[in-house]
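I've put the structures underneath this note.
What follows is a pair of complexes built around chain A, which joins chain B in one and chain C in the other.
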Partner chain A sequence: MTLNVSTAAVRVDGLSRRYGAIRALDAVDLTLERGITGLLGPNGAGKTTLLSILATISEPDTGRVSVLGLDPRDGTERLEIRRRLGYLPQELRYHRHFTVTAFLDYVAILKEITDRRRRAEEVARVLAVTGLEDRARSRIRTLSGGMRRRLGIAQALLGGPELLILDEPTAGLDPEQRLRFRELLSGLPGDPAIVLSTHQADDIAAICPQVVVLLQGRVQFAGTPAGLAGTAAGRVWAADERDSRAHLSWRGGDGRWRHIGEHCPAGAELVTPTVEDGYLLLSHAAGAR
Partner chain B sequence: MTSSFPGAAGPAAGAAWHAGEDLLASYAARTAGAVADWSVETHLTGCASCRSALSAHVDAERLARNRSALLVRAAIGEGGRVRRLLRRCGVPDHVLTLLAATPSLRASWLLSVMAVVAVVALEAAALGYGWIPGGGPVAGHPGPAALAPFLLVAPLLVLAGVAAAFLPVFDPAWRLAAAAPFSGFTLLLVRAVCALAAALVPVTGVAFVLPGPGWLPVALLLPSLALSAFALASATIMDPRAAAVTTAALWALPVLWLASADVPLLIVAPAAQVACAAVLCACAVVLCLRRDRFELGWMR
Partner chain C sequence: MTGPALHGTDAAAPADGGSRGAGLARTPRLRIVLGLARIEALLMVRSMLVLAGLLAGVLAAWGWFWLNPVQPLWWWADWRIGAAQLFLAMTVLVAAQLAAGRPRRDAMADLYASFPATAATRTLACLAGLAGAVPVSVLLAGVGVVMVQLRGTIGAPSIMVLAAGLVLVIAAGAAGTAIGSRFPHPLAGLLGALALFLPTATAHLLPVWSIWLIPWHYFPDQLGWLAGPLTGYPPAGGHAAELAGVAILAAIVALAVTVRSARARGLLATAGVLAVAAVFFAGAVQLEPVPAAELNHLAAEIADPGSVQHCTTASGVRYCLYPGFGRDLSSTEAPVNEVLALLPVRPSQPLTVRQVLSVDFTDTGLTRGQPQQQVSQWTAQTRNAPGNTAAASTIYLTVGEWAAAGSLTDADFNVALATAGWAAGFTPAGQNMPRPGDQAREAIAIWLAILATRPPASELQQGVQWRGLSLRRGRPTFVAIWNYPGTGGVSAAWPSRQPLPAAVYLMAKAMTRLPEQKVSQVLKDRWATWLNPRTTDAQLAAALGIQVPSGPLPPYPQP
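Showing the complex of A and B:
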């Protein structure tokens, strides 16, 4: 994906990172424009590693990173990135004794909002944006999974960040909660740049104008959701019978088999591919290599 | 509505007097001045029609924001007695919030420390004062061998408190802290110093009542400080958990060796104090030089 550098929220060149013998990221080149970018990939694809590097809490072994035009290797610029960043880790853990408000108050201090009055205003603002006002006094451990995820988004929104990095924000959410999450993300004030990781292709199709597919530490695709779906054009079929030559086959809710592959099964008809089809085809191709 | 002036808006003016639109508008915009504000406020408490008229001059959105902020402040509360006392002593409110999230400053942790200190101290006292068979003064000294468990455990408890203040494993929200602009080094120092102080109080307090030399409570300070500083300085070079464990071992091994030779007090003797002071100074220098390490986060 090549975009205008001046408008890019994130630029990554030749980024590599190893954990012992495991290569989490392998020479990743990427430019992400402002707007919502979905990072799609299975578990272990390197999504969390990439996002933690962008969030300045991890360092690459090799390669260059530019976040909001700033270099995280430089102490002053790293601090500036953190001032303009909202980050939701994959597993956000909480102090057990915190209430929703106390937790947000704590994170607001970490974001250098030390004035008590301003902090209260900011906490009230993000509570309103995420619809958690009614649970302000609740202990976090009493919240449902969906509410905790909303609380995670709320803490990321403190201070009005220019860049939001959300690591698997929809993990563990039921379909209704995921819809609410999409609604929340689409209506965020200030129009921040958002990079979110997920392994749910329908999340990408629903809200992300840009998508990056990361497989085995490498960028396999970068473009639009329509472009990703287009990679499977002419290779997705619907048939009444299973075809053993297909790369992937599964029976849909209508009882018909959906095949992804190069060969047209007997009696099959071509169907319009989805983002998930494109992603599955890329996954298969990467696994076959 | 009858136009009026600030001085006529008080209760003495009676119900016939009301604040005029201009006055209410300037009051809502906070441009009326202090005297007019007081007059209007006094009048508003007893006049429903003026309160109603005032609402037209108030920014409803700002009012809603202020109300939400007030509710948040109410939800956060003023904290317990200790917190209010510290605030009166001049400790900034945000620092108190940061400290409240420090595991080794939680009541449960401090109670555990006190329990361990009490058990070890009781054991030392029972042996040293001859309360249990087999104890009593050893070789003319008031029970130095009995002090070995206390000498082993006391500085390690202080070290554990400091380690819990900076090890990611004890801070569930450490990733948020690492990605936030608040200085990691400042956060570490604030938490470590308070954890150190909190653990030193019961440790040195108990040392006063133990059998042994009168200088024992003071003699524990330098080793405790040196161990804590060594753990922090080592964490800038190696994995923080490994740093804490290594530091603990560097204290435990010589104490056990000296205890086996029936001279455990040598670990806090003048020569050892000098060594601890040197370690403390060296670690302070390392911490200053490598403080940027704490700004990077723990994932290297």
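Showing the complex of A and C:
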């Protein structure tokens, strides 16, 4: 399944990657344009593997990757990709004895910002963008989980990357922090291409013009959030009683049952599907296969 | 992340042409290394671990140079300063291991792998960041130098030896970086530090030829007993070169873990072979024997000190000191002159105060590689050297044992006591003499030494102790003895190095409670009588109008 856009930031052809007997990615074809792309999938779907390949950290077993028009297999081009890349891995423990500024300064050098004045400006800029100015001199160990996540994004933003790869950036954040994160991402200067992975369908619906659903190492959907929601059109009902024939059903806050399935429960009314409904339906379909 | 990975791969230089490679910027690797190294150096210099190592080194130096009552000699002390650097080296090793292992330990390896700067660049920066340990090491050396200098040390420090201490710290840091690049767990650094320390603690179990395997330990025992530095003992240049080789080797190992390109690996392998060769060569240099000419000269210095010493006569006393020790003359003269000033009558036999050496030629560290016959010859040559046997009118001061210079009152007291012994007419041949403790002149000599140097009364009294002699019917017998203050290193006809009976000191102490003028008058009136070995404490006490004291003594030990 391919999303063909002329200004592609990432192009992937026949990408496969195994870890022993486990097939993490299975013949993935994908083209991602500039703007924010949400990568949706359950644990073990291959999201982190795909992002780490895009971030030039690991290599695929087979297939071709083009990032910002460059081939990561070539040493020179891989270096250039890294120069234009901002990456936030899924889990970071940080150097907890560093101050926020010292850590960003350190990372800025690793990103080849060697001029001291420019580095200071750049660190100040990302601190402002992520709202961490007040904690610039704080030790990282004193920051809350949300602040550390913002720090992670701040380091990714250093150098004004053309491509931001964020692996589950909202994991562990409370609703307010997630909202702030959405604000932050939506208002990033320079309009970089952003690929973020998440379990949270509402994050996707809120900020991603594009969404890719990865299930069992395969791309199950690539399109817009509305398109993903649309895959469940005509298959989501609200009813007063539970229907055993539904693929998935749960009781909502209003006390009514929400059903996803092929059959209309008795007395049910058809409702407008959400991104989450579309995702759940795809997950169910993939599981059934 | 497992499987085929691009972690830390060295990107090739950007292409000059080509459709996609065109216009790509060259990596400013040197500037990255310097920028990261500056941060690593700052972290190193501010590290609590490193500061703890500095403190441990300073404490060790303080113990060696300040608590030790013996005057340090520079050709010994500079090696000790190097040994103090071992404590700093251990903590620098741990700090460097923590720095090199930081990305993996903090689960940041994936993030770092996504940066343009490679793992090899970071390792290079960690190695360059060891520059942060340099000012700390220099500070430790400086503190050691000041401590030694304040003790009125003879000679001058060897820059090579002091520099070897600095190289030791850098080598340990490079080893820490190598360990951390492969093993990020903090325990790895601690084990590395232990590996640095353990051979030092157990070096005495190793044969002398194997000492080059642990160059950071090299510390020759007899340095402190020499009258000056001895060429090739120990070979400071070889020692420093070996440490430098070890540092380079460790750096190569650290880089080999992270470098991926075949060309860089080839260069590292070549450098590694050269470094190993340098370490072996430096080790071989250290095993070279001390030049026989140097040892010949040393044996001559010991057997016939007069041939090299400078002698000066002052107040009728001849002082003979080894070259370089001239500035100790005034501090040596002071207690002697004080005793002379108190004497009613000066002996007819002139007094000589002479430095001697006590060097063991059977020590294989000193004479390794020399023919056994030659070693035996040196041993025989020095067997009857002055100082090995007591002389009636000569006080011998053993270099490295006698604490000369400054305010070392114990040493002054020892010299004063030996001078008073000479004044009281003691001779080394003590046969046919009443047993010690029954001669009035013993108490008189101690009284003279006390008046000449005024040591703290409490210190003198502390010397009164009980000593177990033998078991009689299963029960020990104790006698009260007096260990006079002093550190040894003074050899004279009297007192011998054996402790005196406590009664002698108690009598002298009772005399000090009397008016000095009165005692002086009593002594002056019958000086010849008091010097007679058969004149007893009881007779002296009677003349002074006091009882022979029997205390105070510490409590008799309970069996």
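We adopt the following convention: the second predicted complex is superposed on the first by the 283 of 289 C-alpha atoms of A that agree within 3 Å, B and C clash if a C-alpha of one lies under 4 Å from a C-alpha of the other, contacts with A are read in each partner's own complex, and residues count from 1 in each chain.
By our rule, a residue touches a chain if its C-beta (ideal position, glycine included) is under 8 Å from a C-beta of that chain, and two chains touch if they have at least 3 such contacts.
The shown structure was predicted, so the numbers you read here are calculated from the model rather than taken from an experiment.
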item: Room on chain A for both chain B and chain C (clash or fit); value: clash
item: Chain B versus chain C as contact partner of A:Asp174, first or second or both or neither; value: neither
item: Which of chain B and chain C A:Ala124 touches, first, second, both or neither; value: first
item: Partner chain in contact with A:Asp191 - chain B first, chain C second, else both or neither; value: neither
item: First (chain B), second (chain C), both or neither touched by A:Glu241; value: neither
item: A:Glu59 touches, of chain B and chain C: first, second, both or neither?; value: both
item: Which superposed partner A:Asp71 touches (first chain B, second chain C, both, neither); value: second
item: Chain B and chain C footprints on chain A, overlapping residues; value: 52, 55-59, 75, 78-79, 82-83, 85, 87, 89, 92-95, 102, 105-107, 109-112, 114, 116, 155
item: In the complex, chain C residues that touch chain A; value: 1-7, 9-15, 20-21, 24-25, 27-28, 31-32, 35-36, 39, 102, 106-108, 110-117, 122
item: For the chain A and chain B complex, residues of the former touching the latter; value: 52, 55-59, 75, 78-79, 82-83, 85, 87, 89, 92-95, 97-99, 101-103, 105-107, 109-112, 114, 116-117, 119-121, 123-125, 127-128, 133, 136-137, 155
item: Residue numbers on chain A that touch chain C, as the complex places them; value: 17-19, 52, 55-59, 61, 69-72, 74-80, 82-83, 85, 87-89, 91-96, 102, 105-107, 109-112, 114, 116, 155, 165
item: Contacting residues of chain B [partner chain A, same complex]; value: 65, 68-73, 75-76, 92-94, 97-98, 100-101, 106, 172-173, 175-182, 187, 292, 295-300
